[in-house]
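One structure follows; several queries about it will come next.
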């Protein structure tokens, strides 16, 4: 009710303006890039955006389509809700976000500039956002200009705003909107592992594997799930005992010699558990390509643990039949469970930028976030302390249950993710040391791969 | 007379000329598609592998650095070896099955039509279906592993033979064989049907044994079918990407998978590298197929002389 | 040994070994579909159970969202879209391919000209070059032409592996009939279109149908070129299934999609087997 009055006034104002300068504005606004620069300068009200969004009519939303329940939420909840706002959501399911980033960069390289691309909206984080940002392929600083940006903490002085302002240590610059806050959580099959045998540290994991060889593996880097496992190993084996702290710096700040020194014990650990991993007894451990494959290994008792991003991954696995009946969450690795957010970004050459903003605004609403949490098991990306009591209660009642651990325990063991500029180097080092078995001092390998990456 | 002759030649030359023109017009669309599309791809692929990609702002033509980088890495040769191994093994096993199968299916027996149709089913479905079947049957958590557990042979999925995700590629070969035996059999059956039974009958009257008939009569008769079917299947096998990607043992990958990984990289220099991979692949494939065809021609000629 | 050879044998009789081979191959072909069907009906089916511990229908009422076949048949699975794309692209490719190959096949069958054998080799070449090489090289061109990720691009690229088969089958048909009937009709005063529609077409029709069916089959089963050129925008049944199983695991919806992807082929097999069976695919 409170919002109606200014809304009506704005609408009146907008329609008057529209009548007065209809032809001129319409023509000027249709020139590529004008909408973007006017919006970013703050010359456009939200009504102008929604009006233009209705004109544009549709929005091409690129997202990872590997989960049936997320697909269902997009099709059955988000699409009708946006249709009611006059925007047709066109969901494009992809298997890897990197492909979409490549498409955008390739289009820009081919001269398909503003409003001439094919991607309006992409679900993104970490390295992929970093690539887009580095290539100047992002639309602009929109996130704090949307009506639903009130649901997020943007105050730099509040440490809780960190994940809204930095994505893998890279400044978001308001060029992407938080969508979901995830945490790296492992599940354990209680049919095989008792509570007292459940490892909480990497050393305990190794002890478990010595008694039960082959019953663990992790997704192969450069998949982000594999990268995350490797990062948590590095945090836990930091020779200075400072955990994640040095990994917040960029590669330039840290330097390859220092990075190699920090990584050495962690990489040694990864080498030492290779023979104990799934298939490791035969000399060639099997690293699954993605979470679907790991889920299947977990279901068939080929491994006893399943580590992936997903605060509610255990719940989702149980209700889809993808996890074994006795799957439970576990606190592992204690104190180093990486938490981050994932985001929605608009590429520079988005053909329907206004519709993309309207869609992001919808995705950032309490209603969308609550239904997404409830039906797709995706944690919220907005910040609960920014919400009214009723709104926060709506979110709380929508949350799926946990199994064997509490939300508080999960919250108590979080660690930040690694700076995006280091992620590439770490993953290339893993590929060199673990996959290609290059037998050189780690410092040389780190120097070599970082040199190759920068070329 | 000369006048009449010239008139006559005029009348007959004109339609012939028109006929030629019509022939050319009728064959042109095919040529345009083949040369434009397929020829264009070949030429552009070769140019790119030598460093010509101005649309990425790369023009180092002619450079052999992409080939050098590839051919001097030992991984490339392992990948090539795997690619050829999967291609050869699957084609060979397919032939060993489909030659006797096509002969058996040419016989008369109860519900022969039904069995013929059943064995043709894989020809009709996509490779990806074959891969799905391999996943549900052959994995360490698959049906065979479960049956082994049911029989008490194993008590943990890891004890089952690693059929999938192994560089031995049993799963890949199984899918190729499953899918290609019908194709080979169908090709051979058509040849058999056309040749008829006369020569076999004659050989039998002359007292040849079954084995002699097969090696001396039937096999030479269906040889053209064997050669063309195996050429096509081998070329397909070394150029396919979905089965090695899903069922293969991972790094080092087969060449098509390697090329695809390069091509997926945001770094455009890697796309040229990927192009060098596929050009190398086409080159190797050309050498093998050419040698095969040459050997076959020589064999035919030798037979003709005998 | 010699005693056996002197025995009179029925030429057409099948030996026990051959019977065994046929039976084994039929089993090898068909049997894997049984677990696929079971998987499509399962909710939780873990090692070492030979049958699912929880079936889809047992979980169906309790589940807040569609499972297994319910999901496959819901719009979210994209199965409907993929089926329409697969069939539509297949039909378009078949017609276009026929249009291009029919006139060329007549010339190849009835005329002798310089460079004919080279041309025949060129036509067969797309089958002999690795598909990945063709696909990746073409993707470059198609991106530049704006054809990547479009229906037109996918249809055009499907011509490459289908043309060799179509030309081969149509040439065989034309060769089998010669030109006498057309010559007679021409002498009797029929014009060109009358000759084609009244004389030629009825004669070559069975071959044309066989060629079309096989082209349709190749197109609907094609994965790699669709996947490369379609850029994920054009979903067909093979690419949809690939996305589902590319992780190396098969769940109930993946199994359902695999079964759906097999249906066009099975229908073709049942109704059209006699057309395809008698034509040489390659030589």
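Order as written gives the chain letters A, B and C; numbering starts at 1 within each chain.
Following the convention adopted for this analysis, contacts are C-beta pairs under 8 Å (C-beta built on N, C-alpha and C of every residue); 3 or more make two chains touch, one makes a residue touch a chain.
The shown structure was predicted, so the numbers you read here are calculated from the model rather than taken from an experiment.
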Touch-based graph of the chains, sorted into line, ring, star, complete or other:
complete
Could you find the two chains linked by the most C-beta contact pairs?
B-C
Centre-to-centre on C-alpha atoms, which chain is most distant from chain B?
A
Distance from the mean Cα position of chain C to that of chain A, given in whole angstrom:
40
Quick check: how many Å separate the C-alpha centres of chain B and chain C?
15
Check each residue of chain B and list the ones that touch at least two other chains.
55, 141, 157, 165
Considering chain C alone, which of its residues make contact with at least two other chains?
46-47, 144, 246, 248-250
On chain A, where are the residues touching two or more other chains?
99, 110, 289, 296, 299-302
So, in the complex, the side of chain A touching chain B is made of residues 96, 98-99, 101-102, 105, 109-110, 131, 214, 220, 278-279, 281-282, 284, 286-287, 289, 296-297, 299-302, 435-436
Taking the complex as given, what residues does chain B use to touch chain C?
23, 25-27, 29-30, 33-34, 37-38, 40-42, 44-45, 48, 55, 97, 100-101, 103-105, 107-109, 115-129, 131-137, 141, 143, 145-147, 149-150, 157, 164-165, 178, 181-183, 186-187, 189-191, 193-194, 197, 200-201, 204, 207-210, 224-225, 228-229, 231-232, 235-236, 238-242, 245-247, 255-256, 259-260, 263, 271, 274-275, 278-279, 281-282, 285-286, 289
So in the complex, the part of chain C that touches chain B is made up of which residues?
1, 4-6, 9, 11-14, 18-19, 21-23, 25-26, 28-30, 32-33, 35-36, 39, 46-50, 99-101, 103-104, 106-108, 111, 113, 122-123, 125-134, 136-141, 144, 156-157, 159-160, 163, 167, 217, 220-224, 227, 237-238, 241-242, 245-246, 248-250, 254-255, 258, 261-262, 264-266, 268-270, 273, 276-283
Sites on chain A touched by chain C in the complex:
65-66, 68-69, 71-72, 74-76, 92-95, 99, 103, 106, 110, 118, 288-293, 295-296, 299-302, 319-322, 324-325, 375
For the complex, which residues does chain B have touching chain A?
55-57, 75, 139-141, 156-158, 162, 165, 167, 249-251, 264-266, 268
